[in-house]
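Paired with subunit B in one complex and with subunit C in the other, subunit A is shared by the two complexes that follow.
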Partner chain A sequence: MAKDPRVTRIEDLPGPKSKGELEEMKMPYEEYCKKIFDVGNEHIKPNALKGIKWLSCTMYIFTPNSVVNLAELGAEVIKIEMPRMGDAMRHTSPFNECYLYPLHDTRPMTGTGLGFTNANNNKYFLTMDYHIPEMREHFYALVKKFDGLTELYRPGTMDKWKIGYRQLSEINPRFIYVWGGGFGYGPKMFGGSYDILGQAHAGLASVTGMHEYMGGHATKHTNWIIDWESGNIITSGIMAAIHWRRKTGLGTMLEMSQVQTPTRLLGYTTTMYGKFGIVRQRWGNWDTQLAVHGIILCGKSDFPDADNPQDKFDARYVMVSAFQDADFKELCAITGLKNLYEKYKSRNQRCEGEAQVEIYAALEKWAADKSRSQVAKILQDAGILAEPVRNDREVYESPHYRERGTVRWLDDPLFGDMLLHSGYSAGLMEKTPRRVNWHWRPVGADNKRIYRDKLGIPLSKIQEWYDKAWI
Partner chain B sequence: MAEKRDIEIKSRADTIGLMDLKDVRPYPVTPPPTYEQVKPVYEKRKALDFCNWSEENLKFEKRYGKDEALTGVRVMDIGLWRLGHKFCSSLFGESGAEVVSIEPPSGDPLRKLTPFGREEYLLQNTETGEKCGMEFVNETVNTHCVTLDVETEDGQEIFKKMASNVDVLIDGMPPGYMDNLGIGYRQLKEANPGMVYVWIGMLGQWGPWKDKQSKFGQWMLEPFSSCACSWVHNTGLAQDLLPRGRGGDPTRSGIWVADYVAATQGYISALAALYWRDELGGTGQMVEVTGAEALMDILDFDITWYGFNASIKGRSGGWDPNLNQYAWNPCKDGYMMIGGQTDKLWYNIGFCFERDDIQFGRLIHEDPFLKEVGARNALHALIKTYSLTTRWLRDQNRVEAETKLLQYQLAAGPVLYIDEVCEFPHFKYRPWVYVHETDYGPLLIASAGLSYQVRTPFRCKWMGRDLGYDNYEIYMKWLGMGQNKVNEFKQKGVI
Partner chain C sequence: MCDIIWCKKKKDGKDCDTINYLDPYYFWNWEGTIACAECGTVYYIHMINGFMYKGPEERPGEKPDTRPLYADKPYDGYSNYRPGVEGRTRPYQCMPRSWLTGTADMVKFSIRGRPVRGWRPQPKSAGLAGTFGFNWDIQKLSPEVWEEYQKKLAKGEVKDW
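Right after this comes the complex of A and B.
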């Protein structure tokens, strides 16, 4: 407000304050969104987590992903790997086909497999054998300066090495310590775990895939979903802990077990078992609570002449959704299945298992002489929701992701052009967007930067440690 | 134990109520392990001191005695049908924020969804008798249920006033819906510049493939997200493993998976935006999270792989194309997951199989190609390994296989169904599945993964609520609107 209450200033009145703001208000909403997210100019905006510093004694996907979220949001992250070999994920690659080598670098060059992708963006790479007593004080020196640490060793290992929560919280009471692993305290405390064990053990696999009577098997989610999503959940916990620490000045320890994650995500499954004794089974490409809301097989591929078998044979699936009465009526009308509409007029009737079997079979019969895009087009033209099931090539070529910047080429400082589908796609932020500065760096690439520049260790000493394989 | 009695079951309807936790089939069937039974595990590892400390400081049962991380953060959530905005609100609720969920007076349609359309599986509020679907109850944790019709002018006024005082607004409506009503980010940020506005949807508020509605107003729901990011295409068994149309097809997840991932990322971004607001920038901002992109964010390297050598990832069922061994395969009574990639573990698997099947030893140990960890990931190496593994597994049931494999310190475990999950000793000990007393009676639920913390564990207080249960309280607390006024709006159909 102006000091003199009799003065009316334009900025005190409601509504747009300037011509620019007026135009912003008048702009169609889509254009407005596009403007504020301003794809392509992420790097000139501020970082959300500027100033947060995190240590990462992690490997594989689960725990590295919990930290990469912070790194993409602008935190400074140091990943500490064991000397020479580094993260086992560096040696993992689909069918052993794809390894990347730095285009230019003076540091040791080893190939890194594509398995390492997306969980290690923007991190600095340090090597340190932190389990030997000689390196302990240098580890502590880092802890004093940092906000937190994520680790994945079997419980008690870091404690035994005197670098667990009990020791580190003495050195730095603000320290947030995260353990991510399979099981946590309890009878299976020392059980090893993988993403796939989480999928298998905690109920997710039992509800995914075609039903036995459709001839199917329990099916693995294509990606390491439980590793990744548990990592995301850890990041949630870290963000909440940081929030609380701002108020109290105290750190904490989180114990997060990935095997538990899928059970929490099973929706009604657990409750239905407890209340009604029903053990949920697989229901393939259909939905247990909505019909029609499922994926159907069409007779012809969209790309019968393509070379790649994934295009040639598999571009045949359409996701069809018409579960509301009006939609289902229209779907039956357009596919010539009016009798089905008469038979299953209410939403609950359509949802019954037998009804679903009949309806989807009839739809697939109708689609048997059509291609995927024909089916989608017929239904879309009738105003019904239907979308083809897309493959990697189509996602890459999609104008949607390109325009939103979620699939883009990154000219990596070390590795050159790499196609990127992570980081930017985790969520668009108007003022402090996530960003990817680099995919990863070689093992120990930042030793000099950290040992010399941060901790003041002379280069000769660093060389000596390197020769002894301490770093 | 419940008293033994005879029952007659003529139809499905006769089973309703019989299986409830306290009656015919109490939970758990076998009691959870006691500390005395677990202690030897800790001692064997020579880590008793650390394990006791862990139990003392992280224990689930102690969560209510500890502080909540987000006390004082105010969150409002509006949306229908989907789990994205709901799970995001639940995360806020579990971590201690005050969360208000706005539904239209007719209620969120998700309240009515029930497996296979069977109304007998709706939950019933023990006091009021109001019914609600299990999915809705499970995915609205610690959220206050308030009704408001934002399509009316009065409703918009009320919404604006409420939004002027929140830290986070979660929007789960179709693209531009709120903006059209004059209560979107553009209009609200003036009154509340510190607000973080989080839109959570399927494909986007903008862009060529943005979220659509049918001609009749039906929304896009999961799995549209996972179909649009190649996740579905890449999941399932290959057509040369099972015939197409009979299991050898692209396969959706059994859950609305992209919704959960988007919700988690929404929570992370919102808290990062709050951090930036309070520490650095001073203002709120808009955040947009979509299921398709959030799932693509964690799609391993699949699209990058296409950029590398034009590979389009295909389906590989229970196998993983990057690791050997790392798969589940059929066994005598289900599926057995076996993992072990490094030389040490991989050979341990071989030693274990060899005891029953000399073939595995001969073909695998003597094959020079399979001796190198990377080389074992070639497709033909996977086929060779898993063919022999499955041959071993077909004569074993899950318990036998697990017992034998665990002797070799391998990560191995069966695919468990939900009844087995709920009875798994470790899960009961933590507990990851427990009985929570809700408005709908005692329910078996899964605990929040972040409930195990030294200082600020997440926790479930209540789940689900009757439609408009918190109207009087929240309208008074947030707007100073008394009962009479609320009733007046109710009669007008606004609340």
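Right after this comes the complex of A and C.
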């Protein structure tokens, strides 16, 4: 900037400062995004959370996912597992036993199941029986060097073992302590939780699926969405705690009850009850606010000869959105249902329950002799928003996800060729992108690195602890 | 929470007084016989949704179907049998139940034809205290898979996607 504010210099004006910058500004926006995000080259860029060090006494999906968010953003995360057994989630595989080996040298016939996937990337794996008094001092030694810890035991368990927040904050006042579990303190303090319990307890399952008179039931999501989402909510709390510590120099404790998360996902449900006393209903594949805005069933599968039932029978659903008057008019015209348009010209008329039953039933009747891709194409060609409901294989084959790097192959340093999304499904960052270095490591794979290199424990001692199964 | 069998059987003139812990993951819906980790007394139990519907009833002479996950003796300073002690507590094989899952679906190559460690057993490769490096030297550790991979490469069976 010129010293005299009245002087205007060309270099102070907005706009390109060099030929390179000029070319960059001429670049179409899409090209510009491709250049700055540079999908596939994440590893040459800095890590956003480099320097943050976190301990993880976690199991299953919920709490590990809260920590893996940090690890994918570059924090150094040590997962402390039970000696020789590891996280119980390692032993939870999909039903056709998708295990990766080895789990641990003492157990050659046991592997880690793919249920462990995505919640443990980039972590270092330590084993320690931290509840025995002999290891307490070494646990404290780690706490002194680390920024925080996430744990999932029943409330007060770590406190009972003298490694709870009360004790650890004395040792390290900057320590951020996170408890994540079922109910937290309150009337159900000792209640454990699973994802399904969260979905049920907070009412999410009551509004998921079709209404009973349409053949539906209160439904849980197939995947563990409450586990995954609860973990994400914890991570946002951790980020805030880190920022708070930067300002005050003090650590804090976060207490996250898993069964709270679905209430967050329920949007206006509770507020509506508070205002009107209305208990929200299940509305399934349709929408209470918009019609048409739902998923319809077509008559023919796109892959009738496939072996996989998901392809053979289920490749029949299409999502359709034509809720604005003009779109609905076009939808009725293209499907030969002009009488429906005449009957339900306004959005309010279409959103009535009886109207939706009639409209969706008519659309499905129209689609009964067509395949999913035929229906999607007819609607898309008419300018209506429509997309096939894809399965895993189709997501894998989708150019959209490939180009953005959402689904990609990783040559895992220990386990070989693995298909993953994990960190890459969490959006793109220009300067400090998320990345996956490895999927997971065997139980205790980093024992020597941590006990010797971080804590200065002699190798003979490490061996002794190992023989006693303390580590 | 898991249920327990508190064994009160007399052994060598003393009460056995061992608490056998029944890990709920395996015992939630289960019927069969289980042996005390300390004295070997066989008990019959029938659990439904984690509730001890029947038992424990002693079944002398019967062969136990399984063993507890863990056991300890509160009147003996909480001396204990940790999981996986042969003949005492249930071993960790972690093989899913055959009636539920069928046989293990092991693989050596991913769907695009590149090596993946989805089979067992594999040679021991850890160092001190279970430590692993950051590289799977497939050529050294699993030469037969390496050879198979070379053949796949030559045949053009290895793809990018």
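Following the convention adopted for this analysis, the second predicted complex is superposed on the first by the 451 of 471 C-alpha atoms of A that agree within 3 Å, B and C clash if a C-alpha of one lies under 4 Å from a C-alpha of the other, contacts with A are read in each partner's own complex, and residues count from 1 in each chain.
Throughout what follows, a contact is a pair of C-beta atoms (placed from the backbone, for glycine too) under 8 Å apart; a residue touches a chain by one contact, two chains touch by 3 or more.
All of these numbers come straight from a predicted model, not from anything done at the bench.
**Student:** Using the superposition on subunit A, decide if subunit B and subunit C clash or fit.
**Tutor:** clash
**Student:** Looking at the overlay, what does A:40 touch: subunit B (first), subunit C (second), both, or neither?
**Tutor:** A:40: touches no partner chain.
**Student:** Now for A:101: first (subunit B), second (subunit C), both, or neither, which partner does it touch?
**Tutor:** A:101 sits against subunit C, while subunit B stays out of touch.
**Student:** Between subunit B (first) and subunit C (second), which, if any, makes contact with A:29: first, second, both or neither?
**Tutor:** The answer is first: A:29 touches subunit B but not subunit C.
**Student:** Between subunit B (first) and subunit C (second), which, if any, makes contact with A:459: first, second, both or neither?
**Tutor:** A:459 contacts subunit C only, not subunit B.
**Student:** Touch test for A:93: subunit B only (first), subunit C only (second), both, or neither?
**Tutor:** both
**Student:** On the A-aligned overlay, A:469 touches which partner chain: subunit B = first, subunit C = second, or both, or neither?
**Tutor:** A:469 sits against subunit C, while subunit B stays out of touch.
**Student:** Contact-wise, after the overlay, does A:5 reach subunit B, subunit C, both or neither (first, second, both, neither)?
**Tutor:** A:5: touches no partner chain.
**Student:** Quick one: classify A:445 as touching subunit B (first), subunit C (second), both or neither.
**Tutor:** second
**Student:** Applying the touch criterion given at the start, work out whether A:414 contacts subunit B, subunit C, both or neither, answering first, second, both or neither.
**Tutor:** A:414 sits against subunit C, while subunit B stays out of touch.
**Student:** Which partner, once the models are overlaid, touches more of subunit A's residues, subunit C or subunit B?
**Tutor:** Comparing subunit B with subunit C, the partner touching more subunit A residues is B.
**Student:** Could you point to the stretch of subunit B, among 314-322, 350-358, 386-394 or 476-484, that collides with subunit C in the superposition?
**Tutor:** 350-358
**Student:** Determine where on subunit A the residues touched by subunit B overlap those touched by subunit C, and list them.
**Tutor:** 88, 91, 93, 95-98, 192, 409, 417-419.
**Student:** In their shared complex, at which residues does subunit A touch subunit C?
**Tutor:** These residues of subunit A touch subunit C: 84-85, 88, 91, 93, 95-102, 104-111, 127, 192, 397, 402, 409, 411-419, 438, 441-449, 451, 459, 462-463, 465-466, 469, 471.
**Student:** What residues of subunit C sit close enough to touch subunit A in their complex?
**Tutor:** So the residues of subunit C in touch with subunit A come to 1, 25, 82-84, 92-96, 100-106, 109-112, 114-122, 124-132, 134-136, 138, 161.
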